[in-house]
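Heads up, the next two complexes both have chain A, just with different partners, chain B and then chain C.
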Partner chain A sequence: MDALLATLVSGLVLGSLYALMSSGLSLVWTTLGVFNFSHGALMMVGAFVAWTVSEILGLGPVTGILSGTLAAGLIGIIIERLLVRPFYSNRNMLLITAMTTLAAMVILERGAQMIWGARLKQLPRLIPGEVQILGTTISAHEALLIVLAPLILVALWRFTVMTNRGRSLRAVGQNQDSAALLGIDVPVAFALAFGISAALAGLTGALLGSIRFITPTMGSEPLTKAMIVVIFGGLGNLGATAGAAYLIGFIEAFLIFGLGLYWTPFVLFLLMILVLLFRPNGVFGGK
Partner chain B sequence: MANKRQLFAIAALFAALAFVPLFVTDSYIRHLFIIAFVYAVIASNWNLSLGHCGVFNFGHLTFFGIGVYTAAIASKTFGINPWIAMLLGGGTAALSALLLAAPVARLKGIYVVLVTFAFSQLALQLVLSQSQITGGAEGMVRLPFLQLGSYSFLKDFKFGYYYVGLLLLALSCLFLAFLSNSSFGKSLKAVRDAEDYAAARGISVARQRILALTLSAIFTGIAGGFYAIYLRVASPEVFGFGTLSLALSMVLIGGVNTVFGPVLAALVLTFATEAMAGLQGFEDARFIVIAVAMILVLRLAPEGLVDLLGKLRLPVRPART
Partner chain C sequence: MRRLLDIIGLQAGYGASRVLNDLSLHIDEGESIGLFGPNGHGKSTLLKAISGLLRPTAGSIAFDGKDITTQRPPSIVAAGLIHAPQGNTLFGNMRIAETLELAAFSKRAKAEAGRHLEEVYALFPRLAERKQQFARTLSGGERQMLSIGCALMCAPRLLMLDEPTLGLSPRLKEELAAAIAKISKTGVPLIVVEQDVEFLLSLTDRLYMIEHGEVVREISSANAPDHEEVMRLYFGAEGAH
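For the complex of A and B:
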C-alpha cells in the first residue's frame, strides 16, 4: 500500500512536469500551427540563467527563477521572429519550422555548452525541508511543483478564455484572416503565444534545476516525454493535453515501479504506437 | 531522371574518387573521405523517404544507429565475421524501419515528425539503459576489424577501407538511381505530389510509404555497420542531434529530388566540418555554424527546398510503353 501511494505521488510529480512542458507546446501549436522543437532547449536556458543569477550573481533563487523565465521568454520571441515568422505564408510551413526550430535547439544546446561548460550544476531548493503527502515523504520543492502546475494551467486556461488578449490568440489559431479583419494584430498574437510558451518552458526548467542536474541536454528527455503526451492527448486542446500529461506521469511511475527504469521508455513507446494505430488523433483527440 | 550529361558527370566523379587513394596517401585525408562516403549514403537514402516520397521522417539516423549497434554486437559479442556483421546491420535497420513504418504510414503532418523523432530518442534510451549489452553511455570499443584472406584492412593507411566505403556508396547510388527510375520510384513521387490522385489510380499510399521507409533503411543500416567496423567503436552519439542536424543539412543543402545532390553535399560538408573541428574552440561552434547554414538555406534558397517539399513539378516525360 505504501509503495502504491509512493508511486502515485511520484506520478503526480512527473505529471506536473509534463503538464507544464506540454501545455506550452500545445499553446504554440494551437496558435501558430508550429511544433517547437526548441522547447526543451528553452527549458534548459531557463535553468542555466536561473543558476547563473542565483548562484553566480548571488541574487537568490526567486530572482533566479524569475530571470530564467524571462530569459527563456525573450529567446522564444526571438526564435519566433527569426525562425518562424519568415515562413508563415509557406505552404510547407509545418515541416520547415520543424527544421528551423530543430536548428534553434542545436544552437541553444551547443551555445550553452560553450558558455556554461559540461560541469554538472544544481540549484538550491526553493523551499527546504520535506513534506508528507499520502504517507509518502517528498521534498518540499517537489510538492511545490505539484501545487504550482495546476495553478499555472488554470491561469493559462483563464487567460485564453477570459481575457481579450487570450481570446485573440485562440481567434488567430482558428482563423487568421478573420482575426486580422476584426482588428487583431496577428504578428503580435504569434509573438505573444511563443513568448508565453517559452517563458513557461523556462520556468519549468528553473524549477526542475533543483531536482535534476542542469546540463545542456537536460531538455531533450522532457521534450520527448512532452511529445508522447501530445501524441496521447492530441495537440490542440489545453485540457486534453494536461489530462494526458498526468496520465502519462502516472503510467510512467507505475511502469518504473513494475518494470524498472530501463524498460519504461520502451514500453511507453510501444503504448504510443498502439494508440496511434487505433486513435491517430490521440486518446482524447477530437478532429 | 538524370540526363546524359549528368550521368556522365557522376560516372566521372566516381572514377575520380576511385583514383584518389593513389595520389592521397595521407591516412587522415583518406579517413575524411571514408566518413564522407558514409554520410553520403545516409543523406541520399534519407532523401528517398523525405524527398522522393514526402514522408516527414525525422528518425532516419535511428536506422544508422541500429546498423552500428547490430554490427558491433554481432561481431564483438557473438564473434560473427565483421563482413557479415556489416550486412546484418542493413537487415536489422530495415526490420526496425518496417516496425516504425507501420504506424507512420497512416499518420499525417506533424504526427509523422513526432513519432519518427520520438522513435530515435527512444532507441537512444534503449541503448543507454541496456548497458550490459550495448556498453551504455561509454559504448563498445575494440570491435573486430575487416580481413580479406590474410590481408588486414588496418594496413596500408586505410587503403582497403577507402574502397569498401566507395563500393558501398556506389552500390547505394545504383540502388537509389534504379529505384527512382522504376515505376515504383515514380509512384512515390505521385504519392508525394498528389496523394488523392495516386490513390485513385490504384497506388496504395500506405504501402508505398512503408516500402520507401524500409528500402531507405537497408543501405543506411549497412553504412552504420561499416562505420562501426571501420572505427571499431559503437557509441550512442550516432543517435544524437549533431549527426542528425549534419545529415539533415546535407539533404537540404544538396538539393533534393535528386539522387546525387545529397552525395555531393555530404562530400563537401564533411570536409568543411572537419576543417572547423581542427580550429581551436570550434568543437561545439561548428554545429552552430551548420545549424545556421541550414536555416539560411531554408530562408534564402527556398528553391532547393521546393524540391524537397514537392512543389516542383518534374518535366513531363512520355510514359514508357
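For the complex of A and C:
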C-alpha cells in the first residue's frame, strides 16, 4: 500500500512537470501550427539563467526563477522572429520550422556548454524541508511543483478563454484571415504565443533545477516526454493536453515501479505508437 | 462632396495573375454602393485589397481622406473600415458569445462593445439563443449572421459585405436582406457585393458593374434599369431569354 501511494505521488510530480512543458508546446502548435523542437532547450536556458542570477549574482532563488522565466520567454520571441516568421507563407512551413527549431536547439545547447561548461550545477530548493503527502515524504520543493502546475494551467486556460488577447491566439490558430479582419495583428499573436510558451518552459527548467542537475542537455528528456504527452492527448486542446500529462506521469511512475527504469521508455513509446495507430487524434481527441 | 472612400487606378492579383486592372471607384459621404458582375472578375479581390489582406501592386486607396493603400489589416480595422468576407467560417472551436466579444478587438470597438452586443442580439435573435454554441455547429445562415454580427462589433464606419446571402434559402435570404437594410438605416455606409441586382438597387444609392477587374458600368439607383436590361448587362446584347 505504501509503495502504491509513493508511486502515485511520484506520478503526480512527473505529471506536473509534463503538464507545464506540454501546455507550452500545445499553445505554439494551436496558434502557429508549428512544432517547436527547441522547447526543451528553452527549458534548459531558464534553468541556467536562474542558477546564474541566484548563485553567481547572489540574488536568491526567487529572482533567479523569475529571471530564468523571462530570459527563456525573450529567447523564444527571438527564435520566432528569426527562425519561424520568415517561413509563414511557405507551403512546407511545418517541415522547414521543424529543422530551424531543431537548429535552435543545437545552438542553445552548444551555447550553454560554451558559457556554463559541462560541470553539473544545481539550484537550492525554493522551500527547504519536506512534506508528507498520502503518507509519502517528498521535498517541499516538489510539493510546490505539484501545487503550482495546476494553478499555472488554470491561469493559462482562463487567459485563452476569458480575455480578448488570449482568445486572439485561438482565433489566429483557427482562421488567420478572419482574425486579421477583426483587427487582430497576426504576427503579434504568433510572437505572444511563442513567448508565453517559452516562458513556461523556462519556468519549468528553473523549478526543475533544484530537483535534477542542470546540464546543457537537461531539456531533451522532458521534450521527448512532452511530445509523447501531446500525441497522447491530441494536439490542440489545453484540457486534453493537461489530462494526458498527468496520465503519462502516472503511467511512467507505475512502469518504473513495476518494470524498472530500463524498460519504461520502451513501453511509453510502444503506447505512443498504439495511440497513433488506433486513436490518431489522441486518447481524448474527438473528431 | 467629401469622399469616404476613394480608389484610383487599383491593380492587384495573386502571384503572376493580375485580377484588378486599373480599377477606380468612390463612395461619397452618406451613400452606400453595390458591386455586381460575373463571378471571378475581381469583386472579392477588390474587397481584400481594400481591407489589407492583399497588397495592391499599383494605384491608391484613401479612406476618410487618409491613404491606406499599404496599411495592414489591424490599422485599417482600427480606422473603422470593416470587411465581412464571403463564406466567412470564422473560428469553428469558439462559441458565439466569445466570438462576438473578441470581434470588439480594437480600442475604439472595445469602448462600445456592450451596446453593440445588445444591438447584434436584437438584430439576430437566433444568435442570442445560441450564445454558447460553437461556430462549427451553425447552419450557413447562422454563420452569415455571426459574420455580420462580428463586423458590427468592430464598430464599422464603412461596412463591406461580400455576398451575404450566398447559398441561402429564399426565406433566410429575405431575413438577412431585412437585417442588412436595418443596418443601413442606422446610418452605416455599405459596400455590398451581390448577384441580385434588384436587391442592390433597393439597398444602395449607386451600383458598379465589375468585369475583367475593371468598372465597366455605373448605375444610379434613382434611374434604375428594368429587369430586361439587367439581364442584358449580365449576358451580353443577345439577352437572357
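Throughout what follows, the second predicted complex is superposed on the first by the 286 of 287 C-alpha atoms of A that agree within 3 Å, B and C clash if a C-alpha of one lies under 4 Å from a C-alpha of the other, contacts with A are read in each partner's own complex, and residues count from 1 in each chain.
Please note the rule applied: contacts are C-beta pairs under 8 Å (C-beta built on N, C-alpha and C of every residue); 3 or more make two chains touch, one makes a residue touch a chain.
Quantities reported herein were computed from a predicted structural model and do not represent experimental measurements.
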Chain B and chain C placed together on chain A: clash or fit? fit
Determine, under the contact definition given at the top, whether A:Gly183 touches first (chain B), second (chain C), both, or neither.
second
| query | So, A:Asn164: does it touch chain B (first), chain C (second), both, or neither? | reply | second
* **First (chain B), second (chain C), both or neither touched by A:Leu276** => first
Across chain A, the partner (chain B or chain C) reaching more residues is B
Tell me the contact category for A:Asn175 with respect to chain B and chain C: first, second, both or neither. second
| query | When the two structures are overlaid on chain A, which partner does A:Ala244 contact: first (chain B), second (chain C), both, or neither? | reply | neither
Between chain B (first) and chain C (second), which does A:Leu207 come into contact with in this model arrangement: first, second, both, or neither?
neither
Original post:
Of the two partner chains, chain B (first) and chain C (second), which one does A:Met227 touch, if any: first, second, both, or neither?
Top reply: first
For chain B relative to chain C post-fit, closest CA-CA distance rounded to the angstrom comes to 16
On chain A, the footprints of chain B and chain C overlap at residues none
The chain A residues in contact with chain B across the complex are 29, 35, 37, 83, 86-87, 90-92, 94-96, 98-100, 102-107, 109-111, 113-114, 220, 224, 227-228, 230-231, 235, 261-263, 265-266, 268-269, 272-273, 276-277, 280
As the complex stands, chain A meets chain C at residues 161, 164, 167-168, 170-171, 174-175, 177-185
Chain C contacts chain A in the complex at 51-53, 72-74, 77-78, 82-85, 88-94, 98, 101-106, 109-110, 150, 154
Residue set of chain B touching chain A in the complex reads 56, 58, 102-103, 106-111, 113-115, 117-119, 121-122, 125-126, 129-130, 241-242, 244-245, 248, 252, 281, 284-285, 287-288, 290-292, 294-295, 298-299, 302, 305, 309, 311
